[in-house]
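Structures for review follow.
In the two complexes that follow, subunit A is the common piece, with subunit B as its partner first and subunit C second.
== the complex of A and B ==
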């Protein structure tokens, strides 16, 4: 039997559809690999062996009966633990949701199941998706498969690590300010943050509602495109869901990119980038030119405010979104002397320090007398950031930056300094605030042998362009690096 | 002692008559077993999202247009953040800076004085769950989320009312309009029409408003009056004693007959309102607004005027009959049916006859439950019955007993009359024969009559009716007797 862990999603689905592999075999192999390796990587918070084997058996039965199989039939899929899974624990890596089992599936989970995907388990993350290193998980940190002393990134660290190490065919993460792109960059895999509204948020436990999007993490661009095709589309249960029909993303793979105008933000790498990243980014530009792309210098004058804007808007929304975790209806409860005391004790014990910090930041930003100066002002600057992109896209078709200013850093390196941790998101925040789609694809290795990521951004609902150029680039550089201990 | 003027503004929370809640598909049926009309959305489960109920928007817009408001084409839902177990998300989705509707008016009249009340805004919001205190051992509180997420509109008046009677009148008129539009069932007991009052006083002639107190827990028209009267007297006592009014929220305590302090301005919560990122701005097209305006029904005020002008009703009758939309419909259907049956009747006469009969006989048996009214007989039966009276087949007195039989049997009035042989004898020959016999047998009384004692007429009528076993048409009996008495030598 071919090693499922080394196969792409599209290859696996084809092998299962042709009968070369059975879904149950693939699932068993994946579960065995998780058992063998996840003690170190700790990508999973919960593995659902029984459910996965049942789903796989269902795929094999359907195939035996000649039924039409979905595009993910039999492919093992991991789900970040902030997406609701009926009957499976969903904790957001927080103590406050310890033991919580949702009564319903998130929209994206329904879609994955409907496409025949086999859900193997729930993936580690920074608590409530707040963090860039996975160090904020209440259940122990996921580790980078390239170097277990380093972070897999965050907040979808478990999803990126599991994908990189072959602990799932592909995974679903969520991205609020870079949470699929940055860990994908650190783990040498591909992640797409779709246009805001392209993927339904129904069942995604909210961090910052105006920014949150579910995005796929995969070992190559074609796989990511297939995953995006499965989860994208209108959902009447999410009022912010876009109604436009979904494009055929996979069909973009292999298309010509000659003449495509690629915007390079002026001075993009001037701001605290590691030399390795600067070098990889310069090399990338040459490779794109070699592919026939035309490089255009563009400006995003308000980009420098993105971090400040993000750290007002996202915590403000989070402070309200996380108010429901109060010990009254579900999750952790620590009884106190009265109602107020019970609230305080429950939330005091249930939330970790970063979540508390952001709830306080957000509560302050929305307070009477401060609202105009903080939240309202931030919204206005957000509009300017969005306008910058619109103007830039009048001169280019896509726009590139590094995904993160560094490669994966070591645990503890930044955890004492929130600001330096927040700086990891400087490239991923502007597209999030603008609501536009972006992909992170590997673009090389650092001298330490760590992957470096390239971020490509496109105008609203132009995910097709991301797939087209991402796939062409990945093919051109022949990216097939695996973590050293992959096999 | 200075003279004080009372200033009142009212905030009404009216539950909309949608079948489902404001942001999910759960039923809003009242009185279901606790926590049976719930789903991830109204329970605020992690990951759930709200979607606006278009029917609620349409109803709030209907109310707004009837009250002369401007409907905003883009309004915004905002989160009102505070912690309490009756709020599943610990925020309430409401509208804050940009409400759906603004700037309407309602004119009320009390003892001949009219008062124009400005409707500052009408916005949409979700209701909270119901806390049931003192459950179990008596110390715990249970929460029933059936009500959570029910669609409400909040109707905020300006500080334009000047007495508790005006406040009561405003509430009655408002309730009547909302019921007439079918957007609220007016049910005070079930809490679907609730009110808070902002009350202040100021020396007569002063422009600046006094410090206000917000009164809560005044969920009947009677409580509104009592609470406002108490509060005004309390404020006057404080101010005339040299004190100052503290801005605070007070609750009406019916047992003590007092308003009691709940929380002061300093203790007031900072709700940290901000636009709900889960809900895009609510867009209403100008076409939808115009369509809603065009579809507005005749409002109670206009109905009353029409009943007075066209149907000959008194103001009091018109007020009763327009008090509930179903009764008004029933009344008008009965009048139309009666006119169809008794085509010699004028509209005026038909209106009066139906108004009298419906008010004195039918409504006694009517049972109102919100927007539904259970009436004892159909409007067709009312018309048939009154037509039988009109044609002289039965007497007005008999109509009442026929009504009782129609109610009991469900048979048509004509059938009841036929089966019971109640038809009045309108055959003049039969009446004349009986009358002649009565007159012949009572010669002394005839002599008295002729001598001018015309009040013996009643005696003759009674005797004729007795002889005819009550079946004689009283009007004809009268006419025949008069004719015979004037003929006789």
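== the complex of A and C ==
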């Protein structure tokens, strides 16, 4: 018999709906796999066995009574620990929120539950989603299932690792500057960063509000499309939530991509890419041509400024958002001499080094006299970056870059130098700043046997193009590589 | 406008604004790292953005504000249960004013 924990989301949902498998046995298989493997991978910060089995039993009861099942009915789903889950700890992998149990579900969590998804637990991440390697988790780093000496990427490292190793059918991560795409690339799975506003941020603990989006991570494009269909849509509780109706993303799987114009960013791999990534990207272009796509060279002249712009805007917004963690209403409190001293000691003890660094950077960039020189200037350059994409999309339907300049690196390799760590995001930052959707799909293995990711970007609210081409590409290269310990 | 050199005094001032206590070692590290990060941003200074509007919201198609209607909030006991300290139905915080409390 097949191991239910390794099956795709759409296969699982079909098998449960037909009665071939029960939701309870699928959940048990997933929990057993977590028990057997997560001691090494450490993808989960909290596993809710009891709640998951109850939710699964409810799916089985609903089926027995002939009720219509949701599109995720009985599918085990993991949630990154920055999304609020009613009754389940939510820490953002930070000591400042240790033991915090939210009184409500994030919008995306409500949606997953309403679709019959079984929430298995909360996933490891870089503290407050700040990081590219998971080394900033206050509770020990998640490890890459392909090689446990290497990072699963970040900040949604636990989500990508859990998905790659079959510790959930699919997971939800969050992406501010690449945080679902880069770990998906490192772990050989697929992740979609939706258009800013396509998915409600209600209940997502804020990092940088003008950039944050929740996105699905799955083992194939069809699964990611189904997950996106579940979580996308207007929510009046998020004022930036887009009202336009949600497309049928899954219906794009299997559609023809002949004649699709694919923009290749000029000089995309000139900047610090590993030879294996350069080679995989070149091979990808040939494969897309073979599929009948038309390759077009495009330019994004202001892309080189994305790193500086991002590391002004995101920390500035973070320094404001994280002001709420002051030890008064939730989480840690360290008593000081007076109120201000209590704030400072609580935050000094509760936040880790990267979070402190970004709060400091952001506070500096917003401080009196520097707002125009840093924050306002960065927001203007952001306009130029966005215009570059608008111009490029007048000549192509989607555009491609590598997802990251390297495959998964070893722990400790970049943690001593913030700038070299930030460089991992050079390809994922520009679409985030422009608010446009992007997907990362696996496009090959390095000579070391590590996955390499391809990033495909589309204009605003054209996620369906990403699904169409992503699915066609994944099918063409017959991507079925799994970590060595997968089966 | 050129940014000033980051010194320990600047770090202490910013930490105070951020309500963040830092150890002397953290202050040193922060000073070094902020200098390096800000130096990497120098290329932005040369870029001419006159006449370019800022992008505060990348996507303009949002639904805006919801109707201002009275709705149920969370049960008080549930919210207070998450607080480090509470008394008399409110969050207990250090004294903020002099005189009779």
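Throughout what follows, the second predicted complex is superposed on the first by the 486 of 487 C-alpha atoms of A that agree within 3 Å, B and C clash if a C-alpha of one lies under 4 Å from a C-alpha of the other, contacts with A are read in each partner's own complex, and residues count from 1 in each chain.
Please note the rule applied: a contact is a pair of C-beta atoms (placed from the backbone, for glycine too) under 8 Å apart; a residue touches a chain by one contact, two chains touch by 3 or more.
As the structure is a prediction and not an experimental result, all values here were calculated from the model.
S.K.: Does the superposition put A:283 against subunit B (first), subunit C (second), both, or neither?
M.R.: So A:283 meets neither subunit B nor subunit C here.
S.K.: In the superposed arrangement, does A:481 touch subunit B (first), subunit C (second), both or neither?
M.R.: neither
S.K.: Have a look at where A:28 lands relative to subunit B and subunit C in the superposition and call it first, second, both or neither.
M.R.: It touches nothing on subunit B or subunit C.
S.K.: If we overlay the two complexes on their shared chain A, which of subunit B and subunit C does A:236 touch? Say first, second, both or neither.
M.R.: A:236 contacts both subunit B and subunit C.
S.K.: Classify the contacts of A:344 with the two partner chains as first (subunit B alone), second (subunit C alone), both, or neither.
M.R.: The answer is second: A:344 touches subunit C but not subunit B.
S.K.: Between subunit B and subunit C, whom does A:382 touch in the aligned arrangement: first, second, both, or neither?
M.R.: second
S.K.: Considering only touches as defined above, state whether A:317 meets subunit B (first), subunit C (second), both or neither.
M.R.: first
S.K.: Going by the contact rule stated at the top, is it subunit B or subunit C that touches a larger number of residues on subunit A?
M.R.: Greater contact footprint in residues on subunit A: C.
S.K.: Considering only touches as defined above, state whether A:308 meets subunit B (first), subunit C (second), both or neither.
M.R.: After superposition on chain A, A:308 lies in contact with subunit C alone.
S.K.: Considering only the touch criterion stated at the top, classify A:201 as touching first (subunit B), second (subunit C), both, or neither.
M.R.: first
S.K.: Both subunit B and subunit C touch subunit A; at which residues?
M.R.: Common interface on subunit A, subunit B vs subunit C: 100, 102-104, 210, 236-237, 239-240, 319, 323, 326, 328-330, 339, 343, 363, 367.
S.K.: Help me check something: in the complex, which residues belonging to subunit A touch subunit C?
M.R.: 100-104, 195-197, 210-211, 234, 236-237, 239-244, 304-305, 307-309, 311-312, 319, 323, 326-333, 335-336, 338-345, 347-349, 351, 353, 356-357, 359-361, 363-364, 367, 370, 372-374, 376-384, 386, 418-419, 433-436, 460-461
S.K.: Show me the residue ranges of subunit B that touch subunit A in the complex, using the header's touch definition.
M.R.: Contact set of subunit B toward subunit A: 40, 43-52, 79, 81, 83, 85, 88-91, 143, 270, 272-274, 277-280.
S.K.: Considering only the defined contacts, which subunit A positions touch subunit B in the complex?
M.R.: Contacts found on subunit A: 83-84, 90, 92, 97, 100, 102-104, 106, 201-206, 208-210, 236-240, 316-317, 319-320, 323-326, 328-330, 339, 343, 363, 366-368, 371, 375.
S.K.: Which residues, counting only subunit C, touch subunit A once they are in their complex?
M.R.: Per the stated touch rule, the residues are 1, 3, 6, 10-11, 14-23, 26, 29-30, 33-34, 36-37, 40-41, 43-45, 47, 49, 52-59, 61-66, 74-75, 78-79, 82-85, 91, 93-96.
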